[in-house]
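Per-chain residue numbering starts at 1, and chain names A, B, C and D are given in the order in which the chains are listed.
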Amino acid sequence: MAIRIFITGGTFDKEYNELTGELFFKDSHLHEMLKLGRCKINVEIRTLMMIDSLLMTDADRELIARHCETAVEEKIIITHGTDTMTDTAKMLAEKIKNKTIVITGAMIPYKFGSSDGLFNLGSALAFVQALPAGVYIAMNGKYFHAGNVRKNKQTGEFEELVKL
Amino acid sequence: MAIRIFITGGTFDKEYNELTGELFFKDSHLHEMLKLGRCKINVEIRTLMMIDSLLMTDADRELIARHCETAVEEKIIITHGTDTMTDTAKMLAEKIKNKTIVITGAMIPYKFGSSDGLFNLGSALAFVQALPAGVYIAMNGKYFHAGNVRKNKQTGEFEELVKL
Amino acid sequence: MAIRIFITGGTFDKEYNELTGELFFKDSHLHEMLKLGRCKINVEIRTLMMIDSLLMTDADRELIARHCETAVEEKIIITHGTDTMTDTAKMLAEKIKNKTIVITGAMIPYKFGSSDGLFNLGSALAFVQALPAGVYIAMNGKYFHAGNVRKNKQTGEFEELVKL
Amino acid sequence: MAIRIFITGGTFDKEYNELTGELFFKDSHLHEMLKLGRCKINVEIRTLMMIDSLLMTDADRELIARHCETAVEEKIIITHGTDTMTDTAKMLAEKIKNKTIVITGAMIPYKFGSSDGLFNLGSALAFVQALPAGVYIAMNGKYFHAGNVRKNKQTGEFEELVKL
């Protein structure tokens, strides 16, 4: 069973520029992370964009949706900034019905040592294999249904809108 | 949904004794790892033993089985040394039919920086939530059914006996 | 031989705020770093300020100088942002003649895993013990005399103005 | 000023073999560590052996001494297992009078995340530049004169025999 991973950027892949002291995107760390996890799943990785999710436009989301639709894989993971991943999830849930799509991200860049990224990637890969068709967010060790989840800005945690 | 985690030791929790140069068990790193993963699942953690799985006896496995049976939770994760986790899985599958049990471990101790432990824990937590009742091993980003999995001693990877 | 360490902030001690995505100062990591280095030197640590060195004012530098003068220790380390540490070194060299003062910092925050901070701290502690009275900068494994050093903005490296 | 670094093995360079669960030597991490420290000193690195210092023979020590004598550099660092580095220091001090030689090591392998190796390397590089001719051990942030130092087996710390 092949799994498609689409990379869109977000905290996950940010790095520290030691000359300017700013955070920036260089390359994705997905390959490195999968290697660290000794992951032997057949995955196809493609970078769609490398942006902060606060800067993601409707056109960007259209692009993501189109790639999800046309991918031959029925199981898709999207790495995404946490600030607007619930928006992308909701949009995708309206358009795509017959695939299992799991969106995940990180609160701390993978390169910063104390990141939740590796944990989240492990959980997203497991959820996408085991959950039925639908669009989900995988954060905090949990999965949430698209449309029934928000990021709590005070705590940084993801919460259900309506308890299922 | 509460999840029970039983700790039995294994590479996962080994540390380096800087006075003797030997590997040993002190405390489990599970709490630290769940915190790193910003995991907000309701988990109950209990250490059953802290041993190398090559030293695990039939009596030890009986103890694990009894704890799985009597636990009020229907979803159980067991952290376990990789060398004999397939044996424990097989034994548990014969005894326990109505719970989802996921056994996981690590090839490199969590404390050694390059560990697969955090990735495996994320995947085990996701699998235990999403898979139906049964006994599974979660390694290499995959899940395997008890009785249909072996550890390849040459590569260190887990493989299905019969392709499903 | 007691060594005084004055903390002023800089990249060294920056952390990532996972709620805002910004870098900020919380506490110094000096104690943690000294413990990691199994450092058994008798050190007295005091935080004078926690600022980005681009924001350091003349008044701040006066404060640092006064503390260096009044400290009972003859060997002093100052952790400092790299952008203006050469300015602080020059000012201190004009005022303080009879002590060994070593200024160091980091290009990457200690908490980000790939930091030069621990290496620089080890070198600063060694230089302050072994060099004669004077004001020095310890970066890139080297020591530089105050007044004869600049930070190359293109490479991030420290260089002598005049080869000694 | 060029510095010669001789590698002899020791905990410093040990790695974890995930197939056997044993510690072993592969390659030295010196280049990686110097890069992490943004070290810009002109160093020449040569691996003389890769052994546990408890296994170091008189012939091995002869080899180290000969390399120290014939090296064109007057400043030499030796990475060495901590268990017998005081023996090697004493032997070298009897043979070599006109060079600054600093022996260092680590209590925890560099690859294990919590290592003192990077701190010790930074301090050894600084001591070798700033100390007069002689043979020294650099551990715990301190330097010790060859012949006046022992490793305390209970604490893992290095101590002077006679307080200087």
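Please note the rule applied: a residue touches a chain if its C-beta (ideal position, glycine included) is under 8 Å from a C-beta of that chain, and two chains touch if they have at least 3 such contacts.
Computed from a predicted model, the values in this text were never measured in an experiment.
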item	value
From chain B, the most remote chain by mean C-alpha position	C
Whole-Å gap between the CA centroids of chain A and chain C	39
Whole-Å gap separating chain C and chain D, where each centre is the average of the chain's CA atoms	26
Between chain B and chain C, centroid-to-centroid distance (C-alpha), Å	45
Residues of chain B touching at least two other chains	107, 114, 156
Arrangement of touching chains [line / ring / star / complete / other]	ring
Which chain pairs touch, all of them	A-B, A-C, B-D, C-D
Chain D contact footprint on chain B (complex, rising order)	11, 16, 18-19, 21, 23, 107-109, 111-114, 153-154, 156
Contact set on chain B toward chain A in their complex	33-34, 36-41, 107, 114-116, 118-127, 129-131, 138-143, 156-157
